[in-house]
Amino acid sequence: MVGYAFMGAAHSQAWRTAPRMFDLPLAPEMSVLVGRDEHRVGAAAQRMGWATTETDWRRVVERDDVDLVDICTPGDTHADIAIAALEAGKHVLCEKPLANSVDEAERMADAARTARESGVRSMVGFTYRRVPAIALAKRLVEQGRVGQVRHVRAQYLQDWIADPEAPLSWRLDKKKAGSGALGDIGAHALDLAQFLTGDTVVEVSGNLRTFVTERPIASDHAGLAGTASSERGPVTVDDAASFLAQFAGGAMGVFEATRFAYGRKNALRIEINGSKGSLAFDFEDMNVLEFYDAAESSDTAGFRRILATEPEHPYVAAWWPPGHGLGYEHGFSHQVVDLVSAIAAGVDPTPSFDDGLQVQRVLDAVETSSASRAWQTVPA
Amino acid sequence: MVGYAFMGAAHSQAWRTAPRMFDLPLAPEMSVLVGRDEHRVGAAAQRMGWATTETDWRRVVERDDVDLVDICTPGDTHADIAIAALEAGKHVLCEKPLANSVDEAERMADAARTARESGVRSMVGFTYRRVPAIALAKRLVEQGRVGQVRHVRAQYLQDWIADPEAPLSWRLDKKKAGSGALGDIGAHALDLAQFLTGDTVVEVSGNLRTFVTERPIASDHAGLAGTASSERGPVTVDDAASFLAQFAGGAMGVFEATRFAYGRKNALRIEINGSKGSLAFDFEDMNVLEFYDAAESSDTAGFRRILATEPEHPYVAAWWPPGHGLGYEHGFSHQVVDLVSAIAAGVDPTPSFDDGLQVQRVLDAVETSSASRAWQTVPA
Amino acid sequence: MVGYAFMGAAHSQAWRTAPRMFDLPLAPEMSVLVGRDEHRVGAAAQRMGWATTETDWRRVVERDDVDLVDICTPGDTHADIAIAALEAGKHVLCEKPLANSVDEAERMADAARTARESGVRSMVGFTYRRVPAIALAKRLVEQGRVGQVRHVRAQYLQDWIADPEAPLSWRLDKKKAGSGALGDIGAHALDLAQFLTGDTVVEVSGNLRTFVTERPIASDHAGLAGTASSERGPVTVDDAASFLAQFAGGAMGVFEATRFAYGRKNALRIEINGSKGSLAFDFEDMNVLEFYDAAESSDTAGFRRILATEPEHPYVAAWWPPGHGLGYEHGFSHQVVDLVSAIAAGVDPTPSFDDGLQVQRVLDAVETSSASRAWQTVPA
Amino acid sequence: MVGYAFMGAAHSQAWRTAPRMFDLPLAPEMSVLVGRDEHRVGAAAQRMGWATTETDWRRVVERDDVDLVDICTPGDTHADIAIAALEAGKHVLCEKPLANSVDEAERMADAARTARESGVRSMVGFTYRRVPAIALAKRLVEQGRVGQVRHVRAQYLQDWIADPEAPLSWRLDKKKAGSGALGDIGAHALDLAQFLTGDTVVEVSGNLRTFVTERPIASDHAGLAGTASSERGPVTVDDAASFLAQFAGGAMGVFEATRFAYGRKNALRIEINGSKGSLAFDFEDMNVLEFYDAAESSDTAGFRRILATEPEHPYVAAWWPPGHGLGYEHGFSHQVVDLVSAIAAGVDPTPSFDDGLQVQRVLDAVETSSASRAWQTVPA
């Protein structure tokens, strides 16, 4: 695994936990953790349960005892690592967004397609697909319970930089992060929308905005906090993004991603209205799916608060009894389960790098549209 | 109508509104308002739309142009007025609780039974039965959607005297009010529970409590506020009441009524769990009924948030389109509709004085039980 | 009052009720109801409490005993009636949308400005401003509790024509209604957004859509239902509208209006995120305002569910005790209170016809933008 | 660890995870798993990550390489194992309820008190105390934000045996489980109530009930399902329990525990009303604490939905960013953290065996009271 910050911790917990709670067809070994700082990566490996460490990801790609590379670094390094790993015959799990540009994403998808021919698998980490309530929503859509989709409204609302004095982080640096709220969290909202509807966005009108253009430079980890606060650096990504969308199948979409919605901590919300019913989800109450069945008599019709914690619900049988909810990191365990199962079965896991590329193309069209002030068609 | 405070205002709004929104078989005339203070009752009558006034209810009972007496006074006067009115052949609508003692209630129920033989109708004002969401709940129970009832948990939570400096009012005076939270709001919770289940409470174990035993004496309306705050008088009723209950049909009940639940303003809540499903209601979100259907597949089972604002729902067709909710006073208009319709049809409206008496008996058993620290059987 | 359908009923209830619950400086008399069908308008007048009737609104405008004309007709007649009434020196209350075109709205606003010089008042009926929870939200914004507004997300979701077999009504006819979801309900969402923020939308990107282009022609009231269902007519307005917006003050807006959101009955929702806090409202739970105060310690910060039923909340003191919620029509009573108070005080009520015109311009820009597939500036 | 069913799985996940996410002062080793069936315990140990197995817990108590015994068996074996372990100088973590009888619990508490003198620690597994939202509630009570407690209403509602055809399990067998809903889940509600208020229940009036007295005998794991369904066995414990309580400090309590509340899957709910504010929690939305501060101005007072996922909230800093909620098993990890920290610090962890004994005494009084139909004092 490359990277050991927030995503690294979540992935490690998943690699440790999935084999303990699920019947996996293969037994993953957590062999090597990669980070540039030898000291820090050593401490992280010990804490997180990795057997060895490396300071250069290139050496890992060359190691024979590595079958799969899990990429948890900022987006600017995804392409190099993923392509090298795929070319070396390693399966790849890559955090989202797939890359910082469409060009990089295309090269990655090409590499994935080539590797696939030799049985090498690749997957991009849109883990929210694997929250049980979302997987249940997908099942209901596939069963036709929602009918033809007419509306998708999706929001991903956070507030962690609503305060103008919140420091610059790599996530506010276009070189590292590619984009701001749009790529970091808007990507999730978009992926969920396309995943749940089984449809793709073909045209967008976007609006991006940076509310706070300069911020205090974050001090080094070691704590030069005193001096840091006086110096400021530019924010080079969007603070917030909104866009309208047309889906190929005719549905209308309304999307919003922001880190400036005070009080909304991780509100990834999606609501779908179709010709037979509606679905609604909010990650801040992640074990719940709301479902409205238009076939119900008006006497008793209403949004049902389905607690997606029944053994019949996706992924749940491996965990606890009904009503004993899961948390954020469980989606990562389910990702490991699905990835390992696909590798063992010799099939391609989803979402693929092609899926990641398509998300990238939509986001790119949103940025273009925001600049041109006109609707933008998403290239097929 | 006798009395023109809070209940008088609500009843007046209902008498004015019901004929405008519903097709009533009779056209009610608001002829006379009664109050002891000539000046005040005159102002109230003009404001509320009553044609004339009286200062002694006895004269109203004698008037030939009065067909119905609506009693909105404190509980200590209910028996005298109601019995006199019934004996004079006037239909009677009496606010709850029916009376301040079982003895009074029995005499009232006797009078109502006698009057009924001459076609004189009587009704006690448990208006919450006529909130559309509650009336819908009743319909679902009658349709067997809940099955055999196993649990009833009902709470009526308010906070208007949680502050020990809140002044004494007649509602805290046993002579006027009969009891405190128990009779004022616990009566509503109990009536709803029995109404919805169609069952009666036969045995109780109660716990009553007065948290604040002395309070500032409320100044006269004219405003001697300065001197008032220094004088204190005793609170002679319960501040809060809780009781366990056994229903004749085997269900277990848990009841609570309090004016000390900070943040709960008018939280009349009831939840019923049966062998086929569950219902839940909270008056603070009064247009909603929650319903869980145990027959649903576990995939999609969940409490439905039914917005009881469809034309198919009880009373709603006369009002606004779906989603345009009703408010507190609409239950009073529905009470007028049902009462006037029953009178026109020559049938007895519900809840009857017998129903009111039975509620009184349960509340009396709760008080007895709280004192004796043992379960108490409710006399049949 | 001209018109006696849904809006006529709501306005009548308000004219009857406001003087009974509030201290009005003037005593409104409900003198004349206007409708084209003599028989029907007569029945309506009797039911709703109007003293006389007319079949031509022109005669009312000429009557000396009429001081105020309340217009509750479809949008295509607003301009003619309002301008004539204003020119005749009558105060005018006009239902929204102000008109079916910007041109009409401009002429109405001109007439209102001229009339104002002679002390004649005019007001457009965006009643949702007068829901207590909304009026409280406005107060909090004015007190600076939200800070600089960054995001407005507003939706007005209904589902009454989600079924393709729902019949054509005048609201689906461009000639009568001007537009569909956009003008009927999107106008409310837009007005609320501008009212609450105190800011105006200056640029929009819109997307309009008609999902069901033909519908059964509604039978005549008298009931030729049998033949009606076989004939179909065209839907000439939008079924749903979405638009992005830029506010003059820099806030980003995301708007949506639809009649195809199954399960959402009257979900007028608005959320505002500012530099100091956030507000959220949903009309389906209309007595509640949610407020997040960013100044709170993180230990106890959270959206507060404010039950806007305290006497300190706008309009509430005239009604019931805390927790005894209001309903849909109460906003209309508050509208009467504010209008009559303004007339008595000799000041202009809000929202003015200029406000209605500005809303019309934004909606017009949304339509233009949807057709041109490019952002559109709203004329000042 | 002894036992490897539901609780064993949860405890194992905690032992594996706590050292990975928290800085523990000691490094726990998962040395030995105990179960009677050699084959099954072997498979479980491998799955759950235990190094070795034993089939007799007595041998574990004798092993020198074991420092701590974690008891996850049904209640009838708790006393024997715990007392032996404590006498052998092993620290003990024992699942709740502490024992199946007050007598056993007293002997265990005695053993714990004796062992404590030699620095041997003991703890009973009321893990819900360690849900962050609950730990935050405790902090707010200790800070005086709730004031003097007047009301506690606590419910633990499940529905897993609401169907009369649900099979007999050891949890319905008095010999194994001691009691039914009362001891299994009512114990949690009671512990939370006493923990949060810092007060103890001194008097109770109880009502126990078994709705379904016979059930199908569960087939052996190997699957004799066909024959099993025809045979029935008696349910020897309560299906549901309710009780009123008086706290030493004067608060009134209302408790309910049931497995017959259709639609409530794991609804452990507690609401506390005090002289300064109120708190409310529902485990079905476990990352949320609701708090009402009576000191707030009435304009903005309301229950706050605190998402207890901030780094400042108890236990949260070790996990994910704000809004990324935790799940059921996290409380078990926090239990490991607190237990290991207490052992390392040489202090006694809580809840102690004395706390477990006191809970047992209250539950015993509830059972006695239910039989005698009178209030019962809880022995000190």
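When the chains are written out, they are named A, B, C and D in that same order, and each has its own residue count from 1.
One rule holds in what follows: a residue touches a chain if its C-beta (ideal position, glycine included) is under 8 Å from a C-beta of that chain, and two chains touch if they have at least 3 such contacts.
Predicted model only: the values in this text are computed from it and were never measured.
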Far-end chain from subunit B, centres as C-alpha averages: A
Contact-richer chain pair (by C-beta pairs counted) among B-C and C-D: B-C
Inter-chain centre distance, subunit B versus subunit D - centres from mean C-alpha coordinates, in Å: 40
Separation of mean Cα positions, subunit C and subunit B [Å, integer]: 35
Distance between chain centroids, defined by C-alpha means - subunit C, subunit D (Å): 54
Interface hub residues of subunit A, defined as touching at least two other chains: 264, 301-303, 307, 310
Touching residues on subunit D, where the partner in the complex is subunit A: 6, 9-10, 12-13, 16-17, 20-21, 47-49, 158, 160, 264-267, 283-288, 307, 309-310, 319-330
Touching residues (chain side subunit D, partner subunit B) in the complex: 150-151, 153, 155, 157, 159, 162-164, 205-207, 209, 211, 240, 242-244, 246, 250, 252, 254, 256, 258, 260-264, 271, 273-278, 292, 294, 301-303, 373-375
Of subunit D, residues touching subunit C in the complex: 136, 139-140, 145, 289-291, 293, 297-307, 310-313
